[in-house]
Amino acid sequence: MKRLGLIAIIIFGGLLFSITFELPDLGDASSPASTHVSPYYIEHTLEDTSVPNVVTAILADYRGYDTLFETAVIFSAGLACFFLLRIPERKAPKARFYRHLTTGLTLRIEKGGRIPEESKEFERIDSAWVPNDVIINMTCRLVVPFVQLFALYVIAHGHHSPGGGFQGGVIFGAAIILFAISNNLRSTTRRLSEKSSALLGSGGVIIYLGTGLLCILLGAGFLNYSGLSVFPGLDPVSARSYGILIVEIGVGIAVTAVMVWIYYNLASAGTQEEGL
Amino acid sequence: MLAKKNKEFFELMETIGSIRPLLAILASALVIPLIILSRGSPNLRELWTMVGAVLKFMIVFSMLPMVLAGTQIECTLAQVLPGFALQLRVDALGMLFALVSSFLWIITSLYSIGYMRGLQEHDQTRYYSFFALSLSATVGVAFSANLLTLYLFYELLTLSTYPLVTHHQDQEARSSGRKYLFFILGTSIGMILPAMLFIAHKTGTLDFTSQGIVAGRISGQATSFLVLLFVFGFAKAAVMPFHAWLPAAMVAPTPVSALLHAVAVVKVGVFSVARMITGIFGTGWLDDLGLSTLICGLAALTIIVSSLIALSADGLKRRLAFSTIGQLSYIILGVALLSKSGMVGGLLHIGMHAFGKITLFFCAGAIFVATGVTNVSQMVGIGKRMPLTMSAFFIGALSVIGLPPCGGFISKWHLVLGTVEAGQFLMLGILLVSSLLNAAYFLPIVYRAFFCSPSESMFEGPMAEAPTWCLLPPLLTALLSMVLFFYPQPFLRLARLGVQAITGG
Amino acid sequence: MIWQLDLIILLMVVICGIAAISIRDLLGAAIMFGAYSFMMCLLWSIMGAVDVSFTEASVGAGVSTVFFVAAVFRTTRRTRD
Amino acid sequence: MGGMTEHLPAIIVAVPLLAALIVTVVWWFNDRLCFPLSVAAGLVVCGASANLFQKVLTQGVIEYRLGGWPPPVGIVFRVDHLNGLILVVVTLVAFLNLVASRRSAEKEFRDKVGAFYALFLLFITGLFGILITGDAFNLFVLLEIASLTGYALIGIGSGRASLSGLNYLLMGTIGASLYLFGVGILYVLTGSLNMVDIAGILPNLWPSSAIVLAFLLCMGGLFVKMALFPLHAWLPNAYTHAPSVVSSLVAPLTTKVMIYAMMRVALTVFTFDFAFNQIAVRGPILWLAILAIVGGSLMALSQRRLKKMLAYIVVAEVGYMVGGFWLGNKAGMSGAVLHIINDAVMTLCVFLAAAAITIRTGDDRLSSLRGMFKRMPLTMAVMVLGGLSLIGVPPTCGFFSKWYLISGGIEAGHLGFVMALIISSLVNVVLFFRCFEIGYFEPFMRGGEPHSAPVEPGYGAPTVQEAPVEMLFALLTTALLLLLLGLFSGQIVTRVIHQALPAVLG
Amino acid sequence: METIGTLIIAKYNYWAVVVLIAIGLYAMIAKKNLVKKIIGMNIFQTAIILFYVSIGAKRGATLPIIEHGHGESTHMVHAADYINPLPHVLMLTAIVVSVATLGVALALAMRIYFHYGTLEEDEIQKKIIGDEPDKIDSSG
């Protein structure tokens, strides 16, 4: 099998290799790819959508339909991981573990024992050994807000600089994941529960799809944001610009939520209890 | 010259559109839901069967005057493929067959009631439903206007008879059912379907016409190959070596064997072969290619071999089965002779043999119901116990052998005439020899049933016939066999009309 | 585009790729995969595809690697090839 | 509403997507609402696709510009006779399956019902999108959404399902990536992603081995996705181990839609002239198809599990359609297109019946069919009909597509293909009648003991225990469809399919 | 020598694509470990993304973000000045698809691990044969 595979791959690779000579040279400005359709985007983006970042304009407007389904793909992945891995919550665990925050001691309370009340001194943890490194904790707590702020900037400034809903969403999600890794899953799910991440995930896609459908209701075609110009103060071009912004926000929300959702399920193997 | 005459003949012929052929087919299919719904009460269920049977016969019969007057009745169901429609057409040939089968269904239904109740068979609802369905398919084959429609009903018949053949649902039924499917479905898919597609591709049509559609469009070599595909492929005609399913299918309850394996299924096979010879290949074209001898040879071989096997068969139904195989080949032989009398004889034999053979099967069933005996060797002296049954058996046997005063004589007479007309004296010889063989395997049964020394007799005591519903039908069909000798209409007229349409004389 | 730099990074990409599939430790493979993604994103940003490299940096080198690590953590590091 | 009809193509993809999202949301609050919502979406899509098809029949090709951008700048939907017809059947099949899935979904995914329906809807959204899109890259995106949800739905099954699912995922990703690579080469050469636009540019570049490679990559990718022999290895296990309600969804639709995609790419992107005259791939692909037919049929023979047997039949059926298409004549191509819609219905029929049986017996081994004619008469009747259709017995629809395929083979003088079709029909006879024999002759067993005395199967037989009502409804509708498609196949072919074929064929 | 040099400069990215595709495919076919296969799959996908990005490259051009003054942006935009943005957009989609696929693949691999206790394909096959005595049923 190994050898057979190797031979097949070498043949396939050779075939591909021989074809490379027929392709236009790297960076050839006169290749059909650079001269047929793409000049239209570069030359008309500003007047069509008033978005200087051509990539954002194509992504969210010219080929917005692709992006809608790209978001849907991400959403499906979140849903699929949930569907495949999620194990419904077990009833009443045998013992609960609490950590005394100031001393770092771990308490094991058997079933029936007195459970400490919500307080700042005790924190519930999932197993006897949950690492708790103050330096890492604190550093991450410091870093996370800035990462999140940057993510918001990436989403909001996608019109003018590299970035947009996806990148921003992933970064925002990564910030939350970072928090989950550095602390633990339970304290993360307390802040963004699984339910809310699922709801946010579908909500983000709904924002995108809803914008598209709204355009139909307003008389333009599906995803034709110029239909939004019926709102006061908007002309078709700026309507497209705002449409792109709304859509990017939707994408950002969806991607953030779904990345976190996938992480929850992967990291806890579906139990949503004990993270990495 | 011939063609011109033919054309004139056809101009005289009228075609009218009517939904009646469709009704005739559906009559039995439509009672199936009623049969199933009334599964709780056997009387009502069997009433529906009878209603369907009588209705069907009435509809078929109502078309008879028109057909006798030389009219064709057409009905297009659906244009399922471009250029190929599901179409029904009633002509003399189809009428002949439909008349026989729908009439005999009435009698068989009566017999079924007696037989199935007598033996307390299981799943009678299923039995009656599929029986009705298979009759629909049979009449459908009879009325098909083209090969596609014929194929459809042919397959429907195969599938609807499968549960009947395997009615007992035991190991034997299972293996017989397998054989049945293997031979019949296998050949129809493996041989008929490609042959049909080939013809459709080459000629662009599949309609049965009096001149055939193949003539001049397909080379002689290909034609002979196609002829072989069709003769063997319609395995229901049981031309050897594709006959093995028929004896195996005798595991079915006797009414099934009687109607299906003496009348419907096997006759559908030969009818289809006859249709191919007359409607697809055309007698003229076959004559030009000299393929008549080929088909006759195959038929003759089957006749002789099957008769010899029948001689040595001990099971009564098995003997009847091999007899059927031989008789079927008579029909093919007659049609393949391509002479006028031969064809009339062959077509007539569809009807005449049906009446004779069904009598024999009914008797076999009656014997089984009354005594439980199935082997010939155990029937010595049975005439004393069941004289009426055995008398009917005698008459049926005479008819199948082809002796007066029975209908079988008429058809055999025409066959013999046909061989002389065609100058096929070898075939004449085979007909005569096989008739002797027929006599040799039937008459001893009758003889030993009545005339044996008391010491040999296996039955004694008073007369104890089968239940009335098992007894009446064989008597009736035996009587009809005799009536047909004296008054062979309308079958003779239909056969003549059919042959006229083909040869144009 | 400086093709010499390109070539060096390409070489690194290929090396990381080969390393990722040949290290006999899944955690190591996951980390090597992260490095591979990061090299790839460098390459793309040199080629002017800033948006793509941005995405690859966050998705490929970031989240994907975390997913790998999470999966390996929950299953096993062991591998025989 | 008059204004809405022009947005029909968008509605066909937007509604199931929206429904999937709403189902996900609603499920966290009330899981009873998932099923009705999904069914409502299915109904809307069915209506929309029928309406759209009607429009195509009267107005010809419909083009819908997304975002209002003209091609090749934006993405367009392009609905013509070919995908209009397939769309109607696919929406209908998906709807029937959705209705049928209710009980078993509730049973098998008790606490994840919402996720199941959402994935189900996303899956069909992807398929619909593939069917109507006119953009080569967009096809990839929708392919991925359909595949991704498909992997998850298959992988959820018990036992080996996850392994089969992962295998499917790896193979499927290779397939999709190859396709993506092919599109990339096309993009380098033409600079466009719109199918019609590419087709307009390609003839200027014809004698180029790069185009041939692009063609081979696209085809190869789609062949993996449709499981054409010898790339079929993922299919049988995936369909066997998937939950039965999933296999009755995935099996009828995925391969057919992929075959449609192959047709679309070969005819619309590369054009008929290129695919059939400029390069000599016709012969080899035909032989692959023949191997698929014969190999699939023979492998099916050696199976003792109902679903696995059916899965191998699917492999053979793929060979039918691929072969018919690559015969390159009118009859063969009509047969292939007709077989796409017929086979979708036939496969739905038998897989649904298998699902119904699995629900009642908890087992899909052939031996579990024992006594089924008594226990589930209606289900078995429908299964018989489906089997007959797969065998190709008139008047079921399977006969008619086989008719075209065989006559296409005769016309092309390709005896191998004709023989393969006939052999496979005969093997199907054996396969199905083996099942029917078990159901008919062997009495129902419970705990190893015959439930009723074998001597008298008629009396004391187990009580009738039919499939759940929803499933029965779907089964009977499917059976009806089998007959209707058969009776109207003449009209379908002359009025629709002949319009869909390239004009070169006349 | 000169021509070979220019040839290398003109095509090296394509060759890298070919090499990476080969590495990815090799891992998917020859490696027995499921996670390794998944890594191979991702390498394969990134190779194709690299191909697209190479298509988009344009010598002497800059990032596809149009320079503009606020308000009246009247100066002509020349397409040759900017890198082809379309492949970038397509590849954003492709990257997202690949991470989605990765998530599902890892979820499946975890399920497999919980069921069989191993990630090695050959060991799993052995377990399957051991688990199911009626292996003949599902062979092939």
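Labels for the chains are A, B, C, D and E, by order of writing; each one numbers its residues from 1.
By definition in this document, a residue touches a chain if its C-beta (ideal position, glycine included) is under 8 Å from a C-beta of that chain, and two chains touch if they have at least 3 such contacts.
In this text the structure is predicted, and so the values were computed from the model without any measurement.
Visitor: Starting from the defined contact criterion, work out which chains touch subunit D and subunit E both, please.
Guide: A chain counts here if it touches both subunit D and subunit E, which gives A.
Visitor: Hey, what chains does subunit B share as contacts with subunit C?
Guide: Intersection of subunit B and subunit C contact lists gives nothing.
Visitor: Comparing centres built from CA atoms, which chain ends up most distant from subunit E?
Guide: B
Visitor: Among the chains, which has its CA centre at the largest distance from subunit D's?
Guide: Max centre-to-centre separation from subunit D belongs to B.
Visitor: What's the distance between the Cα centroids of subunit B and subunit E, rounded to whole Å?
Guide: Distance between chain centres: 69 Å.
Visitor: As a quick test, compute the distance in whole Å between the mean CA positions of subunit C and subunit D.
Guide: 37
Visitor: Averaged over CA atoms, how far is the centre of subunit A from the centre of subunit B? Could you give it in whole Å?
Guide: 75
Visitor: Measuring from the mean C-alpha position of subunit A to the mean C-alpha position of subunit C, what distance in angstrom results?
Guide: Inter-chain centre distance comes to 19 Å.
Visitor: What are the residues of subunit C that contact at least two other chains?
Guide: In subunit C, the residues touching two or more other chains are 1, 50-51, 55, 59, 63, 67, 70-71, 74.
Visitor: What are the residue numbers in subunit D that touch two or more other chains?
Guide: 137, 141, 144, 148, 151-152, 155, 162, 187-188, 193
Visitor: Quick check on subunit E: which residues sit in contact with 2+ other chains?
Guide: Touching at least two other chains: 9, 12-13, 19, 21, 25-26, 54-59, 61, 63-64, 86-90, 92-93, 96-97, 99-101, 103-104, 106-111.
Visitor: Pull out all the chain pairs that touch, please.
Guide: A-C, A-D, A-E, B-D, C-E, D-E
Visitor: Touching subunit E in the complex: which residues of subunit A?
Guide: Touch list, subunit A to subunit E: 1-2, 5-6, 8-10, 12-13, 16-17, 20-21, 23, 25-29, 31, 33-35, 37-39, 41-43, 45-46, 52-55, 58-59, 63, 66-67, 70, 73-74, 76-78, 80-81, 84-85, 160-162, 166, 262, 265-266, 269.
Visitor: Where on subunit E is subunit C touching in the complex?
Guide: Touch residues, subunit E against subunit C: 9, 12-13, 16, 19-20, 23-24, 26-27, 31-33, 35-36, 39-40, 42-43, 46, 49-50, 53-54, 56-59, 61-64, 83, 87-89, 91-92, 95-96, 99, 102-103, 106, 109-110, 113, 118-120.
Visitor: Taking the complex as given, what residues does subunit E use to touch subunit A?
Guide: Residues 9-15, 17-19, 21-22, 25-26, 29-30, 54-61, 63-68, 73, 77-80, 82, 84-90, 92-93, 96-97, 99-101, 103-104, 106-108, 110-111, 114 of subunit E touch subunit A in their complex.
Visitor: Which positions of subunit A touch subunit C when the two form their complex?
Guide: Contacts found on subunit A: 27, 53, 55-56, 154, 162-164, 166-167, 170-171, 173-174, 177, 181, 259, 262-263, 266-269, 276.
Visitor: Quick check on the complex: what are the subunit B residues that touch subunit D?
Guide: Touch list, subunit B to subunit D: 78-82, 84-86, 122-123, 148, 151-152, 155-156, 159, 163, 166, 169-171, 173-174, 177-178, 181, 185-186, 189-190, 193-194, 197-198, 200-201.
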